[in-house]
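Presented sequentially are two complexes of subunit A, the first with subunit B as partner and the second with subunit C.
Right after this comes the complex of A and B.
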């Protein structure tokens, strides 16, 4: 096998496609932001006075250490997703951080200095309840872990188990807390709800039960939620019903006959309104040098922002941890500068007489002159400043589009309902907006209704927030550049929304019309001005849309009627007993395809089947048996409901990731027979003749396209996939593949071409087709994020820039990574090290040479004439 | 396979439709009736209905009967009668309505080609449409395609006319609108290819053999023995001569 691989290497090295960045380019065009998620546990490092460490465990199963002065991440450990990696508790003692992970599965000890793992111990099965350090005369040597029916004691140095004991009556008593007061005993607190409290004291040495007491507490239902141990072994409980506070010394050396009546009922605060132990507030009090008490507070707010506050109420830093869970995003062009906009405005408006036009022209020229002078002054001023002091702070006021439209506004929607506007060049958050009352199971769809191109109308984005269970939706309309909520009132949506579609129809204010289809197939238009409604009426018979009910396997098409009701015109049903629809994907509306066909080796043209209405529907079989499982790929025309192609990948299973673009679909699945990941590519061609070359209509395309397909082995599982996108579609396409390792692979589409020949011929060589090889290579130069690992990539967003060669890429997941890719290299940009001096000197030299030789030739001619 | 619940209404309708179909059912297009195994799947027919849409309400009426045959070789044929005078008129009107984009819709009930008769029918229909004007302008020549899934359920139907465009040409001759000129096909899903490892390895092997042969030839000695042997012989000869000469000299010396 080694020989073929070496052949590969030789072969591929012929295609010099260096993608990797140079060392000096690191961080020049890309940035990464690392997040941790919502904090569950936080500890301040009180080990030493000058320590600036902060330890967090989060709901994303991450254990992290922060710099408490700046909020920067020191280190971070990303554990498995889901319940396997859940952090049950985080305890901190000196240099050691102790963690119970995965519902009481593992006990881990970390070194807090370096973030390295000291040891890991596997615990007995059983759901985790509580854990605490056990100290003898202030030296902590053990940790006690309480499970539902078992208590175990472990050494702090190596995690070995000292002893493990079954808890008595664990089927009736709910053991919820464990406490050690510095003596030779470990106390376990259990409760029989609304009956009594059980306190068991275990011997530290051998785990024997020293004493067992029961205290009447008919008001107590849970120790975990209403009790806390304070001071030296005093249990303090709250009864919210009677608004009473109870205290109980746990370790009290009581006389045996008074066992049951130790509960001291002392209603301290009669007007106790409600009791919360806010888990979102972490206070660290310390003694200052002058013996006064200082404090620092870490606040976790509802919008997942983490704020660090120091004593005089000064906010030291804020981290927007909501960005650890980005749901969807869009990139919006920045607005033109005021002067550019002024010029645009001048040419955009209608002519109103000669004289005013001249005046206007003059005034705008004056403004331009002013700006230029200001620019010159700024240059001069900056030149006088010592180097490095000049800071180019990006603020919302200075935002303007750059020459090549490489800097854009990233509008990000997070699961917590907080919206962010991020500058794509620097990654700084320019605005944020928290939407209250967003249900945790909400689905978001972000729609750009009006871009920045229509000055003086501000750009407009609409966020559709839909409750997953009820289907009820609401709209949030905002300006994507400033984040401000628009004054335009969105329509009320009393019925569940099934589908939303953005029409190319624009209203008089240049906003695209959004159609919302409710469960009675009635359509609501937004904006719904008279103008829009009139346009809709005119176009009604050519507005088609589709609905997909994956629970019923039903795909159906509708046409709009003049009264904005709809009629069902086609229906395709995939029986749910056989297969279920897992994903449907159309093409991106802003995608351009430059070439209509491919020139083949014999100089004929193979035309692409470019149907903008084509839908790729991916199904998975309900039968999960590896021999019978399959993945289905249907290509359906969204207007006519015609099944263009229907393929079945046998012995295959999801998760299926796929990209649908131009005339191709690429999908990735798991081969259950060979136990590997495979890529398959489908390409559609109309043949060597076009049916109707001027315009594409789904209604008038009677011939089915030719479908070519090829499959390859991919040596890694993948988490997400997207294709690059450029302004005009001239640049060759790459696939951006997010790998579980955190790398983002830029895979040339050239390798996924169903026309790759088995046997190399003259024609295929002419076409630059790579000979077929069943295995897809992963080359490390293709990792666009070099060593900037993006943890848990969830999605990749691509946007075209003003440069045809350049595509902007944002990968999001736990981290956010922004970069640029050049799939066909930078063919429209001069290199950084372009030798201007050489080229101009050569030009000048040539110029003078021609001048001189011309003169000489003239002299010679003259001489010859005289002769 | 789970049985699909049906409404009582449909239960009562289906037999009547089937009876109606019996009138239409005639020849199938000469596909041979499979061998003994396929007797279970001997063809059955389902109605093909159409609706000319003059107003927005769809009223489906009988167009013909689809003769379906499941089993190893699925085949389908269609028997349909001519359009009645009334239908032609509606369609002509429909074409005038074509100015407002009237649609011609067809539908078939959801059936399974492999299950037994009793379990074949399921709730609902599969619908497709074509513009009424293009149907008229193509003189009723249409292509109907039925799609099945892996297990033989009918999942979709599509109709196109050839040519598919609406140019607004008037169809004068009434005769052109009398009978459908239908091409009918049934399409099952294609199997997507697997990675072609075997072929690739074979190709690699062949290439290796091609390239490998001159390399793994005989050893150096085997290759040049004709030069080496005489050389060695010559050396030996000359050496022996020396030796013998020397020996002789030595001997002579003793």
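Right after this comes the complex of A and C.
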């Protein structure tokens, strides 16, 4: 039995394979952009004059090298997420870049040429304060690392520790800076806030304290924020309160004293805050060939853009590092071209008499002719150009929908509050808009209210920005194609907003209505014209919404009243001391399911339970003990609050990643008993009879669905998961799984099917069910991004295209990767490597062969007739 | 073959030369067929006769001899259409009277001797026609069994043939009835014939059914089920 089964599996897998990209398809319809995040430290490579390297350490725990001429990435090292990988300091000396990582945990030295690691040394525990190179007569051989209570000296060549010393009085004095002036001493600066400054000099040889001095400084609270060492050991500090500048020679032998310089205050003078250069500005000054001073500046702006400026004020390049932290995104169809829109306009509107219609038709024909002529002229013009010079620049003006709607506008919202409009075909940024006054912890929700389908009304997107601290929300309404702010005034939202709800109701301008629920469960409609309010009143009894309060373990459902207030109709409480609600997911509103059931082996139908109001609620136990931890999946009807199904996975722990679509839920968790990742799939079926095939109402569903479940072992942890989406839902579904390695796996849903049989039967073979195997394979051909790994995949966005076979995929995280997937292969379009030349030449050859042989046959017949 | 020759031959038809025809089956056919058929068959006989009379070198020479190009290459040719007013009769009429073929007699030969068996043969032939479809059924069953229930090109071809033949036969019932019109059991034979064909098509339908080609299951209508209309609008989520 087992042998035929395995043969069957192999045979089947041969069918499923061949998803991968061919070598010549690389980069044809996919692109990747790599980002590094907000810069913390930057250094110019001053090792040689002609060097064009630039070294950055960022808040995303990345150490990267850039080409300073173009802004391209040379190499990049992505460290662990969180405090374990934070870069505390980056120092550059010659070929070596020195880094303290993880709050003073590790000291690393990198080779700046190749980006390779020279050595790594583990430091003693203690929070990191400062580090500096220690030079003796301009030759740097050591590095000093200052921690809260300890100072240590390391060799630059191998990282070995030369000596380590405890700092005196480290519980009262805050040691915050270390300085070496090129002599045999290392100075440590500490401060007792608002009292005095302590300077300790250590011997370079053995770490003995040579000198220890104290300087009165009652105005000083922190060396780190208000002092800097300039020149040959001169400490310069600033006191913002009195607008005074203080200087102190560190190495001075005599009794030290701060020299106070009071600053002139004039109205034009900016407010003095810090003597330290703002960390957003990195200046590199150098001597030019004619001995004049040149400079280059790297500017980090508030919107996380990194701009490189050269001396005459010329911007050499700009990197939009805000895209390293995309929060949410949407894909919007591009508008039709002018001519297409013109034709749409002609046929889209009501007829207004015979003569105007004829005129309109004629004028549109003239426009078409004009466009065609312009196209011909362009072809002719481009043909005259040398081949390499022809550039297909995508600009916002030339943007138009292609034949199969494969090119779309990606609207991306980043954590910094900057919005981007990116062309999905080329990846070029077409517009950007920075929203000021966005709190760093704000929550965003992007809603497409009107697509491009309603010409001449412009498309409209609304971004809901909620401030986590105050709970107040604001709306930013904009045109997703051009990025311009819409002139439509969003409603004033005086109360904190809890959730929003996009209704399929449209106003007279074809904009979908957005309902905003405030903390008193009152509803605000946007747009709120009279027409909309009337429609809402009519439909109020069929509009429901649910709210989930994770902190209270509370799920509640509400119904809209005619006066736009609400009434609570159900409530489910999951005790928070046992489990907490982690995530909830309904179905995507633009998802279509073509087939209403599944055909069994005996040719009967198992109808799917396609409840559009079904919610998948995932909970995790508060008890983290491996024996008692569990993961719960509740399927709740969002209208009635009825729990359709609950699945509890014992000895399991999160993070749970899940996808809810059609009639299935797929979730992934960590099995604490077997210590492995597992995939589980739940499928809901109505049975062999449909209860009501014409309408679906949650209020009239007496029977619970049949639920099937199966679990598989997955050999890798995952970071995110999403399902493919196509226009009509005919194409089979795949799951797109983001792996920590940066690969994106396209896993056929067929492998996650609870009806996979353990014993192969005639019926199951008829159904094309793969026999159950507990291990889920990962095949490298299933990686849709071949070697273009996406670091730290945070989310995957899928959008249908105009072709049923094709689904557009955007994976975002640190990088952005865009591609297309064909879950059932390209069944509706010729492949892009289709051999047109061969086929047409064969056809032509056959045609001519037919003609010639016909003629020959005629001649022969005639000859025979004459014989 | 032109009418001219046929007309010419008809006069000289000797009964003995019937045995020159290809097979006894054709002989039977000849006797069963209608007047028109008789004409055509006798034309065949005429040709045989004609060839026999022609020289061994002239294969089909008689026919060709009328053509201008062919005639020139013939050493000699016989023209049998004697006394025919049409065609080239005028030119040859002066020699026509002398040339009688072997076995020619001016009086028509009466052939009343085989009338009784002829009638039996007609009956038999008619029953053969009527029972033909029924006789094919065992063969069809065997083919059905052999071709199996998998859906591939050969079983499909078989099924198509099996389904198409009875339908074709039923559609051309009038022609069959014409065949049977000499029989006195015409209606019974017609009924048997159509029942046989109906059985054949029933068999084909059964085959389709067992192959799963008939839309008799609910799964065959699955693609036509529209997604149900949604009665409630629902949305929401975690508190932002």
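The rule is short, and it goes like this: the second predicted complex is superposed on the first by the 794 of 867 C-alpha atoms of A that agree within 3 Å, B and C clash if a C-alpha of one lies under 4 Å from a C-alpha of the other, contacts with A are read in each partner's own complex, and residues count from 1 in each chain.
Assume a residue touches a chain if its C-beta (ideal position, glycine included) is under 8 Å from a C-beta of that chain, and two chains touch if they have at least 3 such contacts.
Because the structure is a prediction, the values reported are computed rather than measured.
By the touch criterion stated above, A:572 is placed in contact with subunit B alone, subunit C being left untouched. Within the superposed three-chain model, A:699 lies in touch with subunit B and with subunit C [touch as defined at top].
Contacts of A:280 after superposition: neither subunit B nor subunit C is touched. Contacts of A:542 after superposition on the shared chain: both subunit B and subunit C are touched. In the superposition on chain A, contact of A:772 is made with subunit B only, not with subunit C.
In the superposition on chain A, A:597 makes contact with subunit C only, not with subunit B. By the document's definition of touching, of the two partners only subunit C reaches A:445; subunit B does not.
Contacts of subunit A with subunit B, set against its contacts with subunit C after fitting on chain A, overlap at residues 542, 692, 699. On the subunit B side of its complex with subunit A, the touching residues are 1-2, 56, 58, 100-101, 103, 105, 107, 110, 122, 124-131, 134, 143, 145, 147, 149-151, 153, 155-156, 158, 160-166, 187-197, 199-201, 203-204, 208. Put simply, subunit A touches subunit B in their complex at residues 3-4, 7, 541-542, 556, 559, 561, 567-575, 577-579, 621, 630, 632-633, 636, 640-643, 645-650, 671, 678, 680, 692, 699-702, 707, 709-713, 758-759, 772-775. Within the complex, the subunit A residues that touch subunit C are 443, 445, 464, 466, 473, 497-505, 515, 517, 539, 542-550, 581, 583-584, 586, 592-593, 595-597, 599-600, 603-605, 610, 612-613, 638-639, 688, 690, 692-699. Residues 212, 217-220, 222-223, 225-240 of subunit C are the ones touching subunit A in the complex.
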